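The structure that follows is given in the form of structure tokens.
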Amino acid sequence: MKIGFIGLGNMGIPMAKNLIAAGYQLQVYNRTAEKADELEASAITKCNTPAEAAANVTVVISMLADDDTVKESVVGKDGILNTFQKGALHISMSTISPDIAQFLSDQHKAAGSSYLAAPVFGRPEAAAAKKLWVCVSGSKEDKETANPILECIGQGVVDFGEDAGGANVVKIAGNFMIMSSLEMMAEAFTLAEKFNLDRSKVAEFFGSTIFNAPIYQNYGRLIANKQYEPVGFKARLGYKDARLAFKLAQQSETPMPLGTLIHNRLLTAVAKGLGDRDWVEAVGRGVTDDAGV
Amino acid sequence: MKIGFIGLGNMGIPMAKNLIAAGYQLQVYNRTAEKADELEASAITKCNTPAEAAANVTVVISMLADDDTVKESVVGKDGILNTFQKGALHISMSTISPDIAQFLSDQHKAAGSSYLAAPVFGRPEAAAAKKLWVCVSGSKEDKETANPILECIGQGVVDFGEDAGGANVVKIAGNFMIMSSLEMMAEAFTLAEKFNLDRSKVAEFFGSTIFNAPIYQNYGRLIANKQYEPVGFKARLGYKDARLAFKLAQQSETPMPLGTLIHNRLLTAVAKGLGDRDWVEAVGRGVTDDAGV
Amino acid sequence: MKIGFIGLGNMGIPMAKNLIAAGYQLQVYNRTAEKADELEASAITKCNTPAEAAANVTVVISMLADDDTVKESVVGKDGILNTFQKGALHISMSTISPDIAQFLSDQHKAAGSSYLAAPVFGRPEAAAAKKLWVCVSGSKEDKETANPILECIGQGVVDFGEDAGGANVVKIAGNFMIMSSLEMMAEAFTLAEKFNLDRSKVAEFFGSTIFNAPIYQNYGRLIANKQYEPVGFKARLGYKDARLAFKLAQQSETPMPLGTLIHNRLLTAVAKGLGDRDWVEAVGRGVTDDAGV
Amino acid sequence: MKIGFIGLGNMGIPMAKNLIAAGYQLQVYNRTAEKADELEASAITKCNTPAEAAANVTVVISMLADDDTVKESVVGKDGILNTFQKGALHISMSTISPDIAQFLSDQHKAAGSSYLAAPVFGRPEAAAAKKLWVCVSGSKEDKETANPILECIGQGVVDFGEDAGGANVVKIAGNFMIMSSLEMMAEAFTLAEKFNLDRSKVAEFFGSTIFNAPIYQNYGRLIANKQYEPVGFKARLGYKDARLAFKLAQQSETPMPLGTLIHNRLLTAVAKGLGDRDWVEAVGRGVTDDAGV
């Protein structure tokens, strides 16, 4: 079976590899074309536009950076809707705003195709290991169509209802929770350090007892050790997600003091020139710098 | 073997029961004497003062509410030091300030006895199930003496060095992390609710995937369902712990913006008259009230 | 001389009256047409659209609620640009975003007319008393054209350069400072109240010594007395301005922790249903409610 | 008339000079004795202890750094109470906690003497110019005794009731308001700077219109120009005052989110090694550093 695949970034590449491993042929499009060279040549067709990638397939997947890029890839001059078949399905896996998701869902419907929100949790390593968690929202039929494909990419697919934007709200809320966890650990470990305790020992204790979840184990180690390289997820992208959370807070009239704290932490990192560093550094260094250590 | 046991509150009672089940005889003291009636009569001797409970034993355990109470129980008119044998050990399991721990350690040393900090993580149910995590700090010998006893109470004993106050720093940092997690979940779930998502479904998703730790599973369910009874840990005590975290931040010159956010959340609950409600309600209702839901 | 005047709200009405008193004839437009009945009939011509109000005049003034309304009044179906003469000047006195100001300035330029940002400081009473402060930014010639008109409205006109949006940044920064002052006083007076001091006495002391500026005298009295009626400036509009400040903080990468605190204070008031109450109540009650008094 | 005067710091020296100019003879004590050389030799008697300075006078004034120093100067080994006459009055002008004020008032009463809280607003220049504002609280008789003396030091004396600590609450609330004003201006001016506006021009506009109070004029200029020298009031002392405000917030159960923001701003400056710089720098640089300018 042939699928369109748009967006070969840090996340897109391992996801595409898993689809190829599962036997799919991919029509790939990426702004920087040479990224496709990381994929097995015989399994792909390189395309010059999203429209080309979406031609003559019943499913297209996109994994892009932000609201504007996704919007452009659908309704832009060279967007998916120019070539997409009636009845075909766009599985949109990017972290975007729920209102953009709703807008794109409406555009697809008007064009006779359909849209499924399917944002994921997990860093590139998790994508490579097929360990992503996929949140979906949209119509029942679209979920049924998407399921076998998504199962080649992640370890679980969780359903968040019919609203086009529902899964995106969960994704944004989750990223807010992750960033809050980074802040929480950075403050706790720095406090411990100031009292002459070993940051790593404290991180290990919490990560193996009451906070024994991957977030605390993996990020906990990085924060404890002030290990900020290699860059996995850029502070700039974390800031984008913090802005999304803040936008949702405004749209829904939900005061989120912790959401704003996180927003300002990431904004500060970006303003200070750390936008291209890992978001763990943005938070971790933010806290230790302010503490003078 | 006979042990002194001071403080039969929500935590002290199940801990004492586990010690009795392990074969220890207890000399118990509690401000409200009748609490001792919950323990097996044949296994205890009721005492009228901490001093009495500490007489003629080589180990005394205390599990009390706050700095002042612990201090009074050691150096007060009827305190432990009035009767404690040379070479005997005080295992202090309360959540107190590291500087008070250091002070008490010094007092014990001057009197020829010794002090081991051994604060615990876990609610009363965990105490009953012998599932507490115990953090210890103090001298090597005292840890060796304490270990077999502490293993009757918890599922693990973790060593945080020689500083009298070290384990208390970890305990206070941990409670700060728990309260921050409550805030994080309350904000995330309320945001989701405002977008017509099911709070419980969101909680369950995070608690079974990237946040699959007890904190997020147990508290997550309570916050998602706005289930604030029965009261397990009072907001007033949570506020006490938030104050301790803030005090440590000042002492060590560690700016903790999330620590202050949590402090103010708990303070607000107490100021509004919710001091005797569960700390989950303090945070959960604080967030939903501000969001008008 | 005849001027177009668009927007007869709480601010627009007294401003229009002052222009009439100074001898100007006005072509007025307001969404709710009957508001014009508050003006002297012989001095006005009622118009049905912004376009009509802008026809055959060399100057049009607008005083509207927000970005979208101002944009619509210029480039909308019935907007100013449909009828505006070449060389005519639009004096835009609303509190709007600098980027919208820049956009409108560009649109005017393309159409052969011009745009001057002229937002004001002062409540309706100040407008009535000709006590507004006007901040202007735009071209030198436009300022010269506008000056004699603006002097009929305010007690001073201050120049903030050539950037179309400059004056709006000052206006938004100023509203942020006013809201911060409300918060500051609400916290200080509530603290004093809790220590059994007389809020009014404290307000009066500061307002007549180190904080002897109108902001502290006038708002200080309202906050001290918890006097929240009549409603002068709605919490909803204050929240709009707090959002503008936050948007500018994001656009310019300026972390503003106090800006976000204020944003959340106003958002909370709106979420709790106080959007149509005075912004002083939004802040004042927010603080006292949280303090349980 | 002879008066005891304890504490010849930045504030004490100009105050003492004004008393001498008004004809008083002073028995002076300062920890660093040579500071007294700045005063006219014929008008002073140098003392070696507070007790000496308080001997044989009916009034002693103290102007010291913090709670502990003031306490020591009264009830310490060489404290005032060792020599103070029955019926004599201690005018305590330092910025201290209200509970310490109450404690000292009680101690004086028990010793047959009395205590008047009289903290002041104003920097050293204001002290030199006799432009301080004095807040008093205590008994009516003590105020009557103190008034003619205080009028030689300040431009006004304002009465805040009978509670020993009342005037101190006002002083601490006022310092919180000043620090909040610094933060407010630093954020507003930095936002303006990022939009290419002239910080000084913005400061001047606000300081001469809606914020035309000394606080905004004087500090506004310093913040706008990033002029942080000479050091007038150290960040360390500002932090001390922010801690006092925070302590009062806890004692009285008054959530003060802005109070905690300010607290963390000053704490951050101290943690980063700026404790001995001016508090204006602590806030001003804190904001610009975070904004990357």
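Quick notes on this one:
Going by the order they are written in, the chains are A, B, C and D; count residues from 1 in each one.
The rule we apply is simple: contacts are C-beta pairs under 8 Å (C-beta built on N, C-alpha and C of every residue); 3 or more make two chains touch, one makes a residue touch a chain.
All values derive from a computational prediction rather than experimental measurement.
Set side by side, the interfaces B-D and A-B show unequal numbers of C-beta pairs in contact, with more at A-B. Centre-to-centre spacing of chain A and chain B amounts to 38 Å, using the average Cα coordinate of each chain. We define each chain's centre as the mean of its Cα atoms; on that basis chain A and chain D are separated by 53 Å.
In terms of their C-alpha centroids, the spacing between chain B and chain D amounts to 40 Å. Within chain A, the positions touching two or more other chains are listed as 249, 253-257, 268, 271, 290-292.
A complete topology is adopted by the chain contact network, contact being made between every pair of chains. Within the complex formed with chain B, the chain D residues making contact are 243, 246, 249-250, 253-257, 260, 263-264, 267-268, 270-271. Listing the residues of chain C that touch chain B in their complex gives 268, 271-273, 289-292.
Against chain D, in their complex, chain C makes its touches with residues 98, 121, 133, 135, 156, 158, 160-161, 163, 165-166, 169-170, 173-174, 176-178, 180-181, 183-185, 187-192, 194-198, 201-202, 205-206, 209-216, 245, 248-249, 252-259, 261, 265, 287, 290-292.
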